[in-house]
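Multiple structures are listed underneath, in structure tokens.
Two complexes, one shared chain (subunit A), two partners (subunit B, subunit C).
Right, the complex of A and B next:
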């Protein structure tokens, strides 16, 4: 009986959550709506980053795809007159395409060396964006027309839709056999390959999807703020935020990613106005604390308590 | 020709600083297998120590190298004791993220306390220079360069000719075997981390003299040092020195000859990192064990 009830409860909770999220923009004022958009933006960025992390490769340079997406979207809309939604999708496709090409080169190294490689790549793109003044406007940056003519509620629903697609997609993935392939890869790619898991294909697809989602969010960011420059589009904080949010919330889990993104974005948005440099200091301290005292993140702590309680119940039943 | 020689001299002086920063990163990576992202912030703190000490006492900053190194040694030991040491057995990515967190915290606390101003030191003999052929070379810059070389020399001597240095080499080769022959691996790690922080302190003194002192100065330098370590490979000081020269000279030439070169020069180190990691992951000199 309980085994049938669990998915029903989950579905009911999901419906309640989605209707609450759909009602949210009509309840909040403009300022709070901006916070909600920021939270959803980081939910997508964090989960997108986690897709790659699940395969065992930790990127420190997702700002590369974010910034690229921002520039591509703005250029597609201004130079080719594309519709804004289409421009964001083009940005995602270009970012995913770049990641597909890069994966052949970048996955020759692992671990810390991969992390540094991605970091360096993001910096190279930033230098290019600064120096190729004819295309990117150099350090002066580019301005874009506001998203959906400045309609914040439409903007909210766009990023909410993207977040839901990401969450549901990742949820469905964990029901397929590829989920176990990814788990095995993370432990040891060589052993996984020996067992016939298509390690290279999974890694390439994971990197491309991860980069594509990040690129779409980059495009969204560009239209939402209406102005980008190399410093803001390729900001190191963009590369760092998903790493911190995932680790704080709990790596390799949807719930953990959401917890991390929501908590830290709210802290960051609050500190941005009240305490200069505060958000980055808090980021740094939380990273240290998470690694030292709760390497499985907040979700890991919750899940640990949960399983201890339920195992106690089971013992009591006996 | 004059421009070429000037660019070469500037490149060589910068190479001294780069090699010193890279050396600190290298010994921690080689012996503990930790990429210390916070190394750049150690350099930055050293630079501020040097700057404030010069403002307060007026003593030549180059003479302050020793006290700054001592303070930074203790700082490094404290960081190791409370953060890096306890997670050494965990996956290497945890240590990377941890040192990244330390770096982020220190950098932004520095921004908060001292704001983003560029600070520079003016010593009485700052304008003194001598001429070789057509180029003017500042005495002060040469002195800073020699300080960097001297520090590398001392480290080289320590690691090769002292009992402790031999213990460091042993630990870098095999931790279990080292502890079996009676080497206290933990204390070797502790001393190594402290020594790396001390070299960062000396590098900070050099930075405060050669460049400007500002909160993000270390972030720029540490990425260049990564490029050097990756290019030079682990386990050989020759590789590090050659790689420093390659990076510093190419930055200097790009800055001199390419139009708008100073902007592009910033990207040289990153391109080097990418090119080397993709084409020759074990570095140009020496071998890297599997990660």
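Right, the complex of A and C next:
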């Protein structure tokens, strides 16, 4: 009986959650709305990063696509007069295209070597953005017209829509055979290939989708803050945040990514406003303790407790 | 038919595969045998696309497979297993098989159909009770079954089996041979790399012998086992038509320890125990793998601990050497209680260990690997040069290879380094965990010969061994383990003449 009720319950919960999210901007003040946008932004960044991580490659340089997306979106809007939504999409496509090209080169190496390559590449782009003064304005940066003429509620719905598309897309993926292909190749890519799994193609697509989504968020960020420079657009923190949020919430899971992004964004903000000094120290300590005691993240802990409870029930039935 | 023509591949100047040609027709079983490092696995990798040949071709019917990626080769109809079982560890048994069904030849986009097909294989391989288990919870033999099932679920035309019998006990080998016989069908060609001559003799229609990268000969199993060069370079001893070494015959070669018929030897009384284990229990988390075992090793005695995989033999060694903290019981070494000492202290007291799978430092030279064995034992370090000479005298082949990277050596040579490394610390007792797993018959013989020589230098030996025939030939006493308990303790002498015992291990 429970098995029949489960999808219905999930659907009902989804409808309630989406309605609540739709009502949210009308209930919050401007300051809180700003934080809701920040939370959603990190939800997309974290899930996008996780798409690549699922295939067994850990990136420490997603700021490359974030920053590239930011610059492309601003330039597309100002130089070519494109509509802002279109500009953000162009930013995503360019970032995805770049990732596709990089795949051939970067996926020759694995693990820590790949991570270092991505990190270095983001730094290279930062230097390019600083040097190409004619196009990027150099260290002075670029100004952009505010997103949707400064309508924060429209901005909120845009990023909410992007988050929902990402979540639903990843959810649908888990119903296809590629879900199993990705699970298999994460631990042992060579063995996976011997069983017909197109490892290279899956990784390339995952990297491109991951970069594309990050690029769109970069474009969104540029319009939302109305000003970008190399330091802010290619900030290392942008690369590191999704890694930490994924690990904190629980790697390789949609729920884990959402939990990580939401919790850490809010905790960081709370600490920043509560402690006058040293909020980062408290934040760091919190991360260390959580990784030591929840190696599978918050979601891993919840899932573990849940399965233990349900196995107890099964034992009781016997 | 799978056609291999003039296949060659060099790795850093060494011709690993040299102009190899043979066919695997549908409906037949072809065995690929040869010493470790002969190029068998390299040939497998060239066929399955894991490496690209320098020259030569691989064709399946009219399809050209040379240089194709592994996933393309797989979809063309060639499935393989891996030498060291490589299951998808994060997927359940059913999901492992189902994933292969989803991507293999005639990939099924329909998840439901793949599940149905996977379930058929789960039933056929007697895995129903473990379908939802993760690979790490399976026994060694069950993992092998999952490997084979995962390859078969793709309905391959050619099945490559890479040492699927390695590490199995005699009775498990019987089961595995039966499984392969069942898999044999007019629509599947099977190529197997195998050291288990019994299986090769029974299963193969044709045998390809490789040596130093090239094909030495190809023929029927009978022709192969009589070929003088195969005997001298690979088998080492003549084997009968069933593929087993005759125990009696080989016993003649070894100096017989004086049989004391009728006079029952009591172990701990007859010899001074250098190692005395009493009521030792140990486990992993909630699982107890060792249930209160008693075990003695006497001064200058060679004791073998035998039994199927997953019966607790390695756990016993770990609990003795301190790698695993015992739950109950005591371990005395030379009269001293070492029960809860940390592993490095135990090692310094003179208890040397050769771990399963050798565990060498792959990127260090042979000599550095050996020196490391003495590096943290003060007296041994002072006398390291002298000791190194003794080790090289014991294993002359290592002297020739002293500057080579350990990872580049053949399996047999690596095993010598592992044993030598343990000996560098001048242990009083040497514990070896499955030292001959995956080695060619002649290398197995050499390794046991070396172990006997080590015993001759006054070192006591505790040997965990899968190969019961050999264990009986070299050991003074034997303990048999079953489900974490010792069920039999007897002199090897007695067991050698016990038909009932030999039969229970498939040796008669």
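Going forward, the second predicted complex is superposed on the first by the 297 of 318 C-alpha atoms of A that agree within 3 Å, B and C clash if a C-alpha of one lies under 4 Å from a C-alpha of the other, contacts with A are read in each partner's own complex, and residues count from 1 in each chain.
Definition applied: a contact is a pair of C-beta atoms (placed from the backbone, for glycine too) under 8 Å apart; a residue touches a chain by one contact, two chains touch by 3 or more.
Not measured: the values here are computed from a predicted model.
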item: Subunit B versus subunit C as contact partner of A:188, first or second or both or neither; value: second
item: Subunit B versus subunit C as contact partner of A:180, first or second or both or neither; value: second
item: Contacts of A:172 with subunit B and subunit C, given as first, second, both or neither; value: neither
item: Touching partner for A:196 - first (subunit B), second (subunit C), both, neither; value: second
item: Dominant toucher of subunit A (residue count), subunit B or subunit C; value: B
item: Touching partner for A:110 - first (subunit B), second (subunit C), both, neither; value: first
item: Which superposed partner A:127 touches (first subunit B, second subunit C, both, neither); value: first
item: Subunit B/subunit C common contact set on subunit A; value: none
item: Touch list for subunit C against partner subunit A, complex; value: 48-50, 69-71, 73-75, 79-80, 82, 86, 88-91, 95-96, 98-100, 102-105, 107-109, 111, 114, 150, 154
item: Complex interface listing, subunit A residues touching subunit C; value: 175-177, 180-181, 183-184, 186-188, 190-200
item: Subunit B - residues contacting subunit A, complex; value: 35, 83, 86-87, 90, 92-94, 96-98, 100-109, 111-112, 223, 226-227, 230, 260, 263-264, 266-267, 269-271, 273-274, 277-278, 281, 291
item: Touching residues on subunit A, where the partner in the complex is subunit B; value: 58, 60, 105-106, 108-113, 115-117, 119-121, 123-124, 127-128, 130-131, 240, 243-244, 247, 276-278, 280-281, 283-288, 291-292, 295
